[in-house]
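There are structures below to look over.
In what comes next, chain A is part of two complexes: it sits with chain B in the first one and with chain C in the second one.
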Partner chain A sequence: MDHAHRPGRWTIAAAWMVAIYLVLPISIVIPVSLTDQRFLSLPQEALSLRHYATVLGSEAWLGSIWQSFLIAVAATVIAVVAGTLCAIGCWRLSRRSTDLVRAMMLLPIIIPSIVYAVGLYRYFAKLDLLDRFLGVAIAHGVTGIPYVVITVSTALAAFDPRLEQAARGMGASLSQTLRWVILPRIAPGILSGAIFAFIHSWDELVIVLFIASRDVFTLPRRIWDGINENLDPAMAAVAVLLVVFTLALLLLDLALRRRRDA
Partner chain B sequence: MLGTGHALALRGLTKRYGSFTAVDSVSLKVERGEFLTLLGPSGSGKTTILMCIAGFVAPTEGAVLLDGQDITPLPPERRDFGMVFQGYALFPHMTVAENVAFPLRVRKLGAADRDAKVRAALDLVQLSGFAERLPRQLSGGQQQRVALARALVFDPALLLLDEPLSALDKKLRAELQEELKVLHRRVGRTFVNVTHDQEEALSLSDRVAILNHGKLVQEGAPAHLYEHPRTRFVADFLGKSNFLHGEVRESVPGGFVIGAGPTRILQAVAENHRPAHGSRVLLSLRPEKIALLAEEDAADNVVMGRIAAWSYLGAGYTLVVETPDFGALRVALPTWQAPIAPSEGLAVRLGWSSTASVPVVEDAA
Partner chain C sequence: MSARRWGQDAGWWLLILPAFLLMTAFYIAPIAQVLAISFTEPSPGLGNYERLFTSESVQRVIITTLRICTITTALALLLGYVLAYRIALASESARRWWILAVLVPLWISVLVRAFAWVTLLRRQGLVNNALMDTGIISEPLQLVWNEFGIIVGMVHYMVPYAVLPLLASMREIDPRLLAAARGLGAPRFTIFRRIFLPLSLPGLIAAGVLVFIFSLGFYITPAILGGGKTLMVAEWIGLQILDLIRWGLGTMMATVLVVAILATLAIFSRLVDLRRVFGSGA
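Coming up: the complex of A and B.
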């Protein structure tokens, strides 16, 4: 690789422009969250942590954070179990029809979430799942399945099918093969999928707007309402916390991938 | 552990994939404790046969019998066969000891029993000090031995080997061939091996079954197959061979004479295999059975020729000698026995005895 072509000066400049364009809107919330003013603005005279104190001292914000966390955990469990089983099933059968199943599993990220949300609204009303923890967890879980199917299918594509043959040849039943050979091999893929499914639920807003109103009030929903009603800089503080948390999860995913590829 | 092998039989085993016949009605017996090798070029159906024995492939027709019992419908996990896969298929996330313990864990053996058996199996393949390593920390030869230990640890009825040595370099392969042979003697189990490497087949096996286009061409002890190939394919695939075409001209006691052009070749033959007068015959003649004769030397058959090409191989020479009636003949002779230093264009006298060559038949297409 020593003699590989190095990128030109213009290419590097363009790459930096794109990177800055992507990161700038996110990073703007950091100074805003440290403002000493009482409205959404940049700091005027000094930096202040008062808005962080407001968030961490407010029952409404903490309640929403906790609720979002619980919903994300439940949604992740649903997405991981269903997505992993689907991916393994498709991989084992491996016919033309299973390719179709796999493609269908990606629908939740292909269809605009507002369309999806309208459908869910009509459907959940009949099932009495509107404004319920279970309803939101299911909705987020189902829309999180694609992430798990994608990452687990990728992990399975790299799985040596002879290992399964070897296990069966030595007398292992299907469930023993699954528990002792297949799952440990694809665990990094499952974990990656879980992280994405978690993040998906953690910052999902559109569906929540449709199927929840008062009892279920997730963090993105509270930020949304906050922006619509008053321009409290506490929102910027929440946003920073949200970004930090998400970034931590992504870094965790990166570390896991690096370890697996080592 | 001696004498605990089981006998295996294939009866009319056939596997078709659509219109393609991968295995064509193969019947074969493997005796208790025998080391049988299925030998053939790629696409000869040898691996498919092994997969049918292991239970991973269901035969279209025919049966697999273990000690006379039909096991064709049994799934692989209920056959109790040990198997060494091509590339070994060790579990990368388990240590050597965990890999070897896997078949015992599946059988829900107690921990003490399990540890003792794993230790014994690792001793057997001389890997006692490597129990806690991961497969990727081992060399190819060591991985191969772990695969062997794992396949033998649960006292399988049969050990199946799918190209067990193909991933190793030449020197290591020779070493492990020896080890595998010793191991077979020690455990006294029935081994069925698949390979495309004729040297490996000759050196390892009690018996070799040669396959081509899904059919069993010939089976027998290695020396018998090498010395008495039945068909042109066997003679060509197992070692190297020259082929002499000719017409039966005359019958003599214990043999016959063929003619090709003005040359007459004396060929020994068993009385009951005497070919008809005037029929076309094909003789297989191994390169190492041809001698370079000095002026005064005599032999049953003498042919004149010129060296067209030669190469020096350390232990010996390989010559390609152009002859008027048989075309190019390949001659292999040990360096210390070479009467002359070969050079291109040199005229030489080739000689061989009437028992050196064997009549073979052309293979059906």
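Coming up: the complex of A and C.
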């Protein structure tokens, strides 16, 4: 006899409503981006790709997309290298002081980015890093570290420490152990962290608003200006492109996790 | 032996070093500077903090922020709980799709989401147009650029952050307990009230703390959906620094914000495990 506890009909209906509330508003940008009108609206007479043409034919938009991409790649490299090594060190040493280090690495998720952005504005002025590619890459890289530390730590939790001890016992050096024993086993975790660090930088706006102005003009920054100045359907086209891109990265991550769990 | 042991450990400490240095030089230092400025500008002392007790506009911003965050947290918990409950009790294959409905909004740019809400809620937006076309209303409703719009957008942002800790805690509930209660003839609501709800309480508290502290420092959604009329703390700080160049006041509020968040976390530290929240993605 099946006694499994199942949710009632009303609960299921309510859960559907919540799911629709979460997903529907985002998907509304798709029809809006295909409108044949010159203002934000649903398509009236026909579907049109002209707003996509506007975006993809605009040097300003393409320039920002490219710049955001390069910054995100640089930031991801910083976050992945520093975050992975740190997570491995903390995992192996595993004592009170490394717990503190790990807590410190999580600060960028906890402390609001407005606080960091304000501090960085002053701090980078002295270092002459305002409105510089390097400055934004460092800021995004440092704030991306927590995502890598979290995913790599999760991957390491499933890793048998005796493997590492065996490798060391047979005379492997630390770098050999890292390279041949530890890193291959936690590669999916690292990749997962890289994806999140990349999305973090790619979407980041608050810090950029404070430490960049003209030379560095990322995609979120251009969208922000677009929303505040002129709400035209080209914005919806950009939004759709962004959603598609994020979805692709997310599905990649899910596929990786499934493979790891299998 | 112990010297060699230390030599071995030194290698592992070296691995931690790059992240530690980066974090200290480029994260901790700028934030420490914010704290320092709040005590030194425009003149050394506690003058900026005095404003907490004397300035009406400072108090108004704090009260507005606390009110919006409390409402947001309550709504996000309610919606998140319903969703997490459904996911926790779903079959393995259905669960994947439900989780996707949570993860996709979680990772989509906050700007895109705020933009979508503006498209829907503004005066000539899709919601107002649809309601006018069907004749339900004759005048457009003021749905955005006020507190209502901020809360709609913030709850939308926060529900996934509520679901993840809730789900992590609900999945630890032994289904045999629920099956036993059902087998003994307990109605569904009694099972929920007497067994499921108490056992999911730690997750509920963790989710509440997480959503509340994330809401406190929220910048983009309130800035876009509030239209500059309803100011929350983060936007107010930005305004002080960028437009009014009042560093002392801005950094004072930033410090208060950080202290409030860290204090909340410290109080509930046993219940909130960030790693669990972000690690339970799939």
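Here is the rule we use: the second predicted complex is superposed on the first by the 258 of 262 C-alpha atoms of A that agree within 3 Å, B and C clash if a C-alpha of one lies under 4 Å from a C-alpha of the other, contacts with A are read in each partner's own complex, and residues count from 1 in each chain.
Note that in this section a residue touches a chain if its C-beta (ideal position, glycine included) is under 8 Å from a C-beta of that chain, and two chains touch if they have at least 3 such contacts.
The shown structure was predicted, so the numbers you read here are calculated from the model rather than taken from an experiment.
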| item | value |
| --- | --- |
| Which superposed partner A:Y123 touches (first chain B, second chain C, both, neither) | second |
| Dominant contact partner of chain A by residue count, chain C or chain B | C |
| Touched partner set for A:L107, first chain B, second chain C, both or neither | second |
| Chain B versus chain C as contact partner of A:P184, first or second or both or neither | first |
| Chain B versus chain C as contact partner of A:A139, first or second or both or neither | second |
| First, second, both or neither for A:I28, with chain B first and chain C second | second |
| First (chain B), second (chain C), both or neither touched by A:L56 | neither |
| Touched partner set for A:V73, first chain B, second chain C, both or neither | neither |
| First, second, both or neither for A:V81, with chain B first and chain C second | second |
| Shared chain A surface residues [contacts with chain B and with chain C] | 168 |
| Interfacial residue positions of chain B with respect to chain A in the complex | 54-56, 75-78, 80-83, 85-87, 89, 91-93, 102-103, 105-107, 150-151, 154 |
| Complex interface listing, chain A residues touching chain C | 1, 3-8, 11-12, 14-15, 18-19, 21-23, 25-26, 28-29, 32, 39-42, 78, 81-83, 85-86, 88-90, 92-93, 98, 101, 104-116, 118-124, 138-139, 141-143, 145, 147, 149-151, 153-154, 168, 174, 199, 202-203, 205-206, 209-210, 220, 223-224, 227-228, 231, 235-236, 239, 242-243, 246-247, 249-250, 253-254, 257-258, 261 |
| Residues of chain C touching chain A in the complex | 8-9, 11-16, 18-20, 22-23, 26-34, 37, 79-80, 82-83, 85-87, 89, 98, 100-105, 107-120, 122, 124-126, 129, 156, 159-160, 175, 178-183, 188-189, 191, 196, 213, 216-220, 224, 234, 237-238, 241-242, 247, 250-251, 254, 257-258, 261-262, 265, 274-275, 278-279, 281-282 |
| Chain A residues touching chain B - in the complex, by the definition given at the top | 160, 162-163, 165-173, 176, 180-181, 184-185 |
